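Chain naming follows the written order as A, B, C and D, and within any one chain the residues start at number 1.
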Amino acid sequence: MVKNIEQENSYNIPKSMKAWVLGGPHEIKMIEKDVPEPGSSEVLVKVGAIAVCHTDIEVLHHGHPAMVEGEAPFNKDFVMGHEYMGTVVKTGPNVDEWQPGDRIAVEVHAGCGRCQKCREGMYTSCHNYSFRSKDHRANGFTTDGGFAEYAVNNINTLVAVPDYLSDEVATLTVTAGTAMYGLDVLGGLIAGQSVVVAGGGPIGLMFIAIAKTLGASPVIISEPRSDRSEMAKKMGADFVINPLVEDPVEKVKSLTGGIGVDFAVEASGVPDVVNQVLHMTNRGGKVCLAAFSNGLTPTDLAYVVSNNIYMFGIRGEGNSAVRRAASLLNQKRFDPSPLHTHTFPLEEVDTAISYAENQTDGAIKVVVKMS
Amino acid sequence: MVKNIEQENSYNIPKSMKAWVLGGPHEIKMIEKDVPEPGSSEVLVKVGAIAVCHTDIEVLHHGHPAMVEGEAPFNKDFVMGHEYMGTVVKTGPNVDEWQPGDRIAVEVHAGCGRCQKCREGMYTSCHNYSFRSKDHRANGFTTDGGFAEYAVNNINTLVAVPDYLSDEVATLTVTAGTAMYGLDVLGGLIAGQSVVVAGGGPIGLMFIAIAKTLGASPVIISEPRSDRSEMAKKMGADFVINPLVEDPVEKVKSLTGGIGVDFAVEASGVPDVVNQVLHMTNRGGKVCLAAFSNGLTPTDLAYVVSNNIYMFGIRGEGNSAVRRAASLLNQKRFDPSPLHTHTFPLEEVDTAISYAENQTDGAIKVVVKMS
Amino acid sequence: MVKNIEQENSYNIPKSMKAWVLGGPHEIKMIEKDVPEPGSSEVLVKVGAIAVCHTDIEVLHHGHPAMVEGEAPFNKDFVMGHEYMGTVVKTGPNVDEWQPGDRIAVEVHAGCGRCQKCREGMYTSCHNYSFRSKDHRANGFTTDGGFAEYAVNNINTLVAVPDYLSDEVATLTVTAGTAMYGLDVLGGLIAGQSVVVAGGGPIGLMFIAIAKTLGASPVIISEPRSDRSEMAKKMGADFVINPLVEDPVEKVKSLTGGIGVDFAVEASGVPDVVNQVLHMTNRGGKVCLAAFSNGLTPTDLAYVVSNNIYMFGIRGEGNSAVRRAASLLNQKRFDPSPLHTHTFPLEEVDTAISYAENQTDGAIKVVVKMS
Amino acid sequence: MVKNIEQENSYNIPKSMKAWVLGGPHEIKMIEKDVPEPGSSEVLVKVGAIAVCHTDIEVLHHGHPAMVEGEAPFNKDFVMGHEYMGTVVKTGPNVDEWQPGDRIAVEVHAGCGRCQKCREGMYTSCHNYSFRSKDHRANGFTTDGGFAEYAVNNINTLVAVPDYLSDEVATLTVTAGTAMYGLDVLGGLIAGQSVVVAGGGPIGLMFIAIAKTLGASPVIISEPRSDRSEMAKKMGADFVINPLVEDPVEKVKSLTGGIGVDFAVEASGVPDVVNQVLHMTNRGGKVCLAAFSNGLTPTDLAYVVSNNIYMFGIRGEGNSAVRRAASLLNQKRFDPSPLHTHTFPLEEVDTAISYAENQTDGAIKVVVKMS
C-alpha cells in the first residue's frame, strides 16, 4: 500500500476552522475554532458530509446524552454531530492503520479501554463515558463532533467508504451499523427468521434493509405514514401494516402462522407501541428496543415473563457493527440512498437540524455537505 | 444397576386413588379417581410429597396459566400441583431409562417434541402447550398433577432424588431449577459476578442460594420483611437491604463500586420494584424477570435502552435446569431445607393452599406429605 | 388453508413399491417392498427426486454411519438415501401441520425427543441414534430412506419447497442446510466476516453460496480442480486459490490484511488440508470441520492453542438449519441449480451412485428423478 | 477509601533494582537495572512473590512465545516471569482505579485496545501482540516481567488479593484464571455437567479445583503419577483414573452412564492423550485444549466430526477470567495452597526454575519470594 508522499504532504491544514457549537439549550452557532491535533491512536479527519440524527436534537435541547467530563455540554464551544464521513488528512503518533487520503465514515464510541466493560468488548457501555482524561471519546456527545470542517477520531472509529458511495449517502453508514448491532444482539443467524419493525424512521428503515439483506423472512413493518411505508417497501419490507387501519398484532400473527415473529424491533419511540411489539412476538422470541420515549412506559411484563421473551436495549452501535454494515455497503448488498432526502451546506446546519426535527418536506435523512 | 424383581413386582397399584380436583373457580375438592396408566415415554409415579406453589393459587382462582386442550381447567376433574416427588412404580412401553423403585422429583414441562420451539430445545415455550393430543404435558397445568396419590410423568420430567433429602425438602428441587434456569439464561459463568435479588419469596430465596453456590459475589437481597431477610442470609446473601428503610438503588450502587450489579433478578412481582431493579443494574448488565403482576407495569425503558440492558422473561424451568439443580442438591452444595416451613397430610390440601396463599404463620414453602 | 378433499383422496397409494435396498457390502438392488404406513407425528411422502450424497457411498461400502437398532444395515432390505424431495400423500394420526399435496424436501434427523441431547435441541447428536423403538429416525441411515417410490417422514424433517424450484434442484435443500448449520455453529452474524472454504465438492460449494448470501466478505475457495473453482465462482466466491500452484496459506493471508480469515471451513476431507485451514485462520478465529478422512490426521494443535482457535465438528444439519436454508431458497437468494449435473431414472440408482462416486463426466450432484 | 497520605508517601522507590534477565538461549542472570516508570493507565508494582510457569521455561530455552517488538527476547536485558503478586507503590498519570498500598496479583495480557480483537474483548488474541509502541503489554513475554524487585503493570492486569492469602499462594491467582477461562469458553453454567481433566500439572489441577467449585459433577482426572492423583483428590476430583493401569476412555464412559463427559480438558501436552480426551467426550460435547506439544499431533478428527464435538484452543487467561478466579479465592471457595510446594529467594531464581523444570522433589508450583 504505497502512498505518494507528495500527496500526503499536500493537505494544507489550516490553523482554524468553521464549527457549529452549542451555546445554551436550544442554541447553536457557527464560530471559528482551532483545528484539533490528533494524538496517539488518532487521526485528523476533513469532514466531507454529516447527517442529522435524532439524538443531535436531544443534545441541542436537553444536553442529554452528551456530557463533557460528566457535565452538560452547554456553553463549552462543544461541537455536536456524529454521523459523518470524510478524508483522513493527518495521522497521530504511531498510527499506521490509516493513511492520509483514506476516505472513511465514522462510528461514535471509542471506549476508554481500561474499564471492565471495554475489556469485555462492550465499549459503548464504557464506565468512563465522557471522561477524555481516561481516553474515552464519543464524538458529538462527549468530545467534539462533525458539524465542523475537521474532527479528530480514534482509529477504532473509522471504517473505509467504498468509491461508489456519494459523500451524502456514506454518512448513513453509522445508522446501518446501529441496525446491524440491534440484529447482532438478538444472536445468531437472521436468515429464515421472521422480523417485524415498528416505526419507519431512519433507524427502523435501516433495520428493514439489513434484516432483508441478511435473509430474514418475512420482513414486516408497522408504520402509519404512507410515505414511510413506501420507503420501507423500497428498503425490502415484504409486508406493510398501517396500525391505524388494522390491528397490527393480529396482522403480524396472521402473517406468521398464528405464532408471531422471531425478532421484533421497537423503533418508533411511541409508548403504546411497545406492547404491540411484545404481543407480535413469538413465545421464546426476542425484542430489540432501539428507541424510547422519556418517562415510564406501561409495559406488559406479565406477557414477557409468561412467554419467555427476551428484551434487548441497545446503546449505540457496538460490537464492531459499523464495520460489518460498511462491508455490506461495500458489497452493494443494499441501497440506503433513498433515505437521504435533503442536503444543506455547512453554513445552514441550523436549517438542516430544523428540517430533520420537523420532518419538513418529508425529510428522512438530512445531510450537511461541505463545499 | 441390578434391581430386585420381587421388589419391582411388589407395587400393588390400586385401580383408583384419592385426588384433589378443581371444581369451579376458587373450588378444590378431594374425589376418588382412576389411577392413570403410563404410555410410551412415560412412568407412573406414587407421589411422596408435594409443595404448594404460588402458581397453584393462580390456577385455583383464575384458571391461568392452566389449560386443558386450550380451555380453562374448571369442572374437568383436573388435578393441580406440579412441585412433587415420589417413587416410580410402573414404566410405560419401551421405557428403560427409569425403573420401579427409583426415587424422583419432577419438573413441569414435557414439550410436544414436534414444534419449532421444542426442536430448538425451548420446550417450556412449546407451541402445542396444553395439547395432549400432540404429546404435550405440563402436569398440574395442562395434564393431571400431583395433589393425588399417583401421577403419570414423561421420562423427560424426572430427576433422581438423593437419599439424604427428605420427601418434604425434595419437593423444592423444581423451585431450585427455576432459579438455575433464570441464572442460565443470563449466560455464562456466574462466579465473580455481582447479583441482586428483589423479593424474598421462595423463588427469590432460591435465586440467592443458587447464585451463592455458583460463586456470585456479592449476593444482595432487597426485601422488606425481616423474617425473609433472615432467611436470605441463611441461603447465602452477603448483604440485606430493607427497601422501606434505605434507598435500595443507592445501596446496591454503594455495594458495587458505584456501577450496579452484573445480574439483577426481579422476584417480587411488585410493579414498583421493576424500576428499582433496572436502576440497580450495571450498564450493559442483565435482568431476569422471574415474577410479575397482572396489568401493565410502568417501566423505565428509556433507562433500559440508554444503558444497553437486556431483560429476560423466564417461563418455567427450561434447558434441563432442574437436572442441574438436582446435581447441586446431590452434591450437598446448598441446603434448601429452611425454606420448608409447614407440612400437611393429603386430606388437608385446602388448608395447605390457604397457608401458602396467606403466608400464615410465616409460611414459605408449605408441603403436603402423603402418609 | 382450505384443501380440496377430492384432491386429498385422489392419491391412490399402492400396497407395494419399487425400492433399492442394501444387500451385503457394496451391493444394492431394486426390489418390491411394502409401502410404509405413517405413524403418530409422521407423514407418507411420494418421492419426487433424490440426490446421491457422499455418505450414501460410505453406507454402501462400509455400513457406516448407518445402523439399524445398533447393527450394520446389510441384508436387512434397508433403503438408503436421504437427500430427497417429494409430495405428502398421507398424514399420520393427529398430524395437521402438513396436508396431502404439500410439496416438501426433507432433512435427515428426527431425534428421539427423550434423551438429554434432544432436550437441549441437539437432535443430530441424539443418544438414542438408530433406535426406532425410542422414536429416533434418520431416514437413509437408521430407517428406510428415499431410493424408493415412497418414504415415511417425521413432520419435524419436512420443509416446504417453493414452486419455482425443479424437483431435481429441490433435493439440494438438505445440502444447503448442512452449510447453514456449519456457519450457524460458528456463531453470530456472518456479514462482513472473511470466510475461506477448502474443497469444492457439493458441501464446500454450498458453504460458498450460503456464506456469500449472508454477506461474508471476502469469500475465498481453495480448490485444485479448475472446473470446481469455476463452479465456486458461480456460487459466489470472490477469490479462487489453486493450492497446487500457490501457497494457499500465504494467499489467504494476503487477501485478509495479513491476519487470516475469521471463519475457515474444511470441506475437502484431505488430511493435509486440515493444517492449511488452521493456518489460514485469524488468531481467535473459528474453524468448521465439515469433512474428514478415516484414520488419524496429523494436526497442528500447538497452533490451535497458541492462537485461541476454536474448531467445530458438525454432524448433519442440526438446529433447524434446513428450514433456514429453505427460506433462502424460497427468497431466491442463491441459485444451487448449477450444482445439479446429472439425472437418472429410479431404475438406474446404481449408475447414479457410480457417477457420484467416480465424479464421472465432472459430476457434482447426481440426481435420481422418479417418473 | 481514605488512604493515609503519610503511608503513601513512605514508599522509598530506589533508582535501580535487582532483576533476572535473559542472556542468550538457556541463559538467565541477575543484574542491576533501572526501576521502570509507570505511564498512562499504569502503576508500579513492588513484587512480593512470583511463581515459575512452564511457559517461562519455554521462553528461557526457545524464546517462544515471548517477543519484543516482533523479535526474540534474547540479549535484550529482558525480564521474564508473569505469575506474580505484590504491592502498588506508585500510580501513573490519571490513574485513580488503584492506590499505593493496594495488594494485587497480576494477569498477563494488556491488549493494544485498537485492533479488531481487542475491540471484540479478545485481548489475549491482540493483533498487535508484542508491539509496545501500540500500547500492547504482556509482562514476562513482550515487556519486562516479575523476576525483579519492581514491575510496571497496566491497570487492566491487576486484581485485588485478599488478606488471608500468603504472598506465595497469591501468585497462583493467574493460574486459577487460566482454568476459569478454559471453562468459560466452553460456554454456560458448569453446575451439574460432567468434566474430565487429562493431566495433573498445575493447570490441570486448577481445572479440577475450579470445575468442582462451580458445581461440575462428576469431576474426573486421568493422571499416571500417584502424587499428582492424590493432589487432584485434594483439589476436588471425585474420581481418579490411572491411564497406565486401566483404559481411561472406558473408565470415563462407565462413570458417565456410557456416554462420556460434557466437558473434557486436555492439560497434559502428551500427543497420545488428545485422542483419549476426544473419545472420553459425549456426542455434542466440548473439549478444551489447554496444553500442547510441539509438532503435529495425530488426531481423530473423524470422531470429532461424527460426534459433533467442539474443540477450544485457549490462549492465556482472557475474558477477565483472572478477576473471576480472584473472586472465588476471596470467597475462600477453594484452596490452591497445596499446589505451592517450594520457595526460593530472589537470588535463586535459576534454582527455582530448575526445580520447576525437573519437577525436583515432587515440585508442582515453585515460588520465588522477595525478602
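Note that contacts are C-beta pairs under 8 Å (C-beta built on N, C-alpha and C of every residue); 3 or more make two chains touch, one makes a residue touch a chain.
Quick caveat: nothing in here was measured; it's all calculated off a predicted structure.
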Next item on the list: Go through the assembly and pull out the chains touching chain A as well as chain B.
Entry: C, D
Next item on the list: Would you mind telling me which chain pair, B-C or A-C, is linked by more contacting C-beta pairs?
Entry: A-C
Next item on the list: Give, as an integer number of Å, the spacing between the C-alpha centres of chain C and chain A.
Entry: 40
Item checked: Geometric centre distance via CA averages, chain D-chain C, whole Å -> 42
Notebook entry, point to check: Of all residues in chain B, which are in touch with two or more distinct other chains?
Noted result: 120, 122, 323
Next item on the list: Report the residues of chain B in contact with chain C in the complex, numbered from low to high.
Entry: 40-41, 94, 97, 113-114, 116, 118-123, 133-135, 154-156, 319-320, 323
Margin query: Give the list of chain B residues in touch with chain A in this complex.
Written below: 65, 117, 120, 122, 124-125, 127, 129, 185, 259, 274-275, 283-284, 289-302, 304-316, 318
Margin query: Taking the touch rule as given, give the residues of chain C at its contact with chain A in the complex, in rising order.
Written below: 180, 183-184, 187-193, 213-215, 217, 323-328, 330-331, 333
